[in-house]
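Take a look at these structures.
Next come two complexes, and both contain chain A; in the first it sits with chain B, in the second with chain C.
What follows is the complex of A and B.
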């Protein structure tokens, strides 16, 4: 299966590099949203709960842009059929798409987190960064798994641009809640502390449950 | 054992019946040519045989595997050339074929061999979106035979190809390829010349099924009236 995953990943990377359809749009959306928050809140800096909420909600909506585009080239250019005709394990496509979306989210965060620190965040992000990376990684994994599942379900429908967010957002809200609660103490102006273990466990468990659901369902989503 | 055995095949899209009561047998190495007006069910038949659509009724056996239960046994043994080239527009011809080669476990050398066979070596490093439709169709032919399939499912394989290109792809998908073939066609003369067995579809139902030697052009023309 690793050979198939590698072939799919290489294809995903080439298509994204040539079209630049997903990652630039996601990054631009996130930065623009921070600018809008900066003016709309009429505050030059935010911290704690508010900062964590703004960061996670922005990342969530930016991720939805990537989720909506994830299978479009495959659906529109016959990639699904070509894959289904090959004697390969269909889980390879799930794995490749999850890794692809994870990579998109990492690049998004490489742009969005410094922009957030620059435009809105009060406390310095330096000390919080190692823990923040851990929380973001747990959140990203869940977003990537759920996003892939939802995108595969929505892409073959006529209302795919509507159905993706409609199905995805309710499933992704627990990740935003867990992520924001875990991030909030990291971004506190006074006495920042490590994230509470229960929120990290919640994120980890949610990732695991949806990882298993995706593994069980994905083959059926590709079937006629 | 027959390469294809279909009995009472039916397939619906929602309420609409796309195929109904299709029964046929095709021996290995033979060519079945399917005629019929637009919407007659030709493409649906090919997609069922390719395991991309499930039959809703009847029995379908392809290369000894019963569909859909044994679809796994068919994948990788069938080459499908449909209306869509099944190629990514942003990738080059070479990148597309290498991608398919990796999915099918085929060596990269086969990619060069086929690009050469369809005279696309010189343009093989250009994105597909910059190529003409005829050139894309030539790459699609190379993609369909990349893994040396036993059964070729060809939906109007010569569309967009000029006479020189038709001659070029003939060793790959023509009778000289010695593969079992199912071809959808609107060309009575060319189709009859290729066929061992002829199936005529009208409204998803078989209106003609006979050895090619017993079919004349007027019978095919009748399908389109």
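What follows is the complex of A and C.
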């Protein structure tokens, strides 16, 4: 299992490194969205609730771009067929894709969070950074799991570009609730505080439950 | 065989509905604060509860489909979700009317139940587009079941997350019967039972209609002496259609034919 996952992961990252199809687009989209938010809200600096909201909405929509492309090569160029021919556990593909998407999201945030701090954020990000990384990591895990499940559901339908976001966004609403509420006190301009434990707990539980759901159901999406 | 019990169920539903409505209008006392407007509670809350239970029921039926691969479970899951969507529209509209009447706005974000219901409804609104976008009937059924199970698990999780997110705890007049006076609680429970019966009857009607149509098609084919092809001229549809003559005996045969 772990060798299969490693092989699949290597293939995914190699393909992404050679084609650069998803990650640069996601990062560029995030930075552009910050510019759009600046003009749409007519604000030069943001903090607190607004900052957390902008950050999470931007990351979410950028993640949707990656989710939409996640299985396209496998569906169009026979990756699924080749994988099904191999005598390996199908869960390996789920794990490999979740890790791939997680890696995309981490790279996205390495670009987007500094850009956000530079372009829009009022208070300095330095003190908030360790907590923010924790919140983002929990959120990313959920986005990666749900994104992979939704991408696998949508990719072999006729309207995959539409169905991915339509299926994914409602499922990701609890992640946005938990993520934004946990981030907002971190980015407050006066008396920034650590996030309330219940939001981290919500995020963690949601990740866990959807991890189990994806584990139970993913095999059924890979049968033909 | 599928119409069996339909008449009794229909009569029971009409009787329960009549009883519930007469209790609502002639027995239940007027609410001290909201007056006559509060009566919509006996319509709105049962609609919402039945719709949510129907979504979860759809998930359970989808589990049965994935375990047995019998397309009839997929059909039942589809019908359960389809009816719940219709009930959900009713719940959203009545909830909106109630909110306008008692709070003065058509929509209030401070009521977590209403907000969670909207999110769940938005998710399930993609069920039919998902089915419609997959042409192969077997894969359509399988993917729809995966969706139904995921979404069914999402229903309680989402309610918890949104409840947690509401800034203050709204006074819970909805849903719990414990703080209702006796006559109101009785009326509410009868309304809930009547609504559940209505849901069951409508589901049964839809299932019967689908089976009758499949049987009719099979008979017409046989009459015209056509080869009973399972795939030809099947109109693309979000709703599952049973293969002609899909009874227990021929089920395995038609599945291997696919």
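What we mean here is this: the second predicted complex is superposed on the first by the 224 of 224 C-alpha atoms of A that agree within 3 Å, B and C clash if a C-alpha of one lies under 4 Å from a C-alpha of the other, contacts with A are read in each partner's own complex, and residues count from 1 in each chain.
By our rule, contacts are C-beta pairs under 8 Å (C-beta built on N, C-alpha and C of every residue); 3 or more make two chains touch, one makes a residue touch a chain.
Everything quoted here is computed from the prediction, not taken from an experiment.
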item: Partner chain in contact with A:209 - chain B first, chain C second, else both or neither; value: second
item: Contacts of A:171 with chain B and chain C, given as first, second, both or neither; value: second
item: Which superposed partner A:158 touches (first chain B, second chain C, both, neither); value: second
item: Chain B versus chain C as contact partner of A:221, first or second or both or neither; value: second
item: Partner chain in contact with A:79 - chain B first, chain C second, else both or neither; value: first
item: First, second, both or neither for A:18, with chain B first and chain C second; value: first
item: Which of chain B and chain C A:36 touches, first, second, both or neither; value: neither
item: Partner touching more residues of chain A, whether chain B or chain C; value: C
item: Those residues of chain A which chain B touches in one complex and chain C touches in the other; value: 223-224
item: Residues on chain A engaged by chain C in the complex (per definition of touch); value: 149, 153-154, 156-160, 162-163, 166-167, 169-171, 173-174, 177-178, 181, 198, 202, 206, 209, 213, 216-217, 220-221, 223-224
item: Partner chain A, residues of chain B touching it in the complex; value: 50-54, 72, 75-76, 78, 80, 82, 84-91, 95, 99-100, 102-105, 127, 143
item: In the complex with chain A, residue positions of chain C that touch it; value: 66, 119-120, 122-123, 126, 129-130, 133-136, 138-139, 142-143, 145-147, 149-150, 153-154, 157-158, 160-162, 164-165
item: Chain B-touching residues of chain A, taken from the complex the two chains share; value: 3-4, 6-7, 10-11, 14-15, 18-19, 73, 77-79, 81-88, 223-224
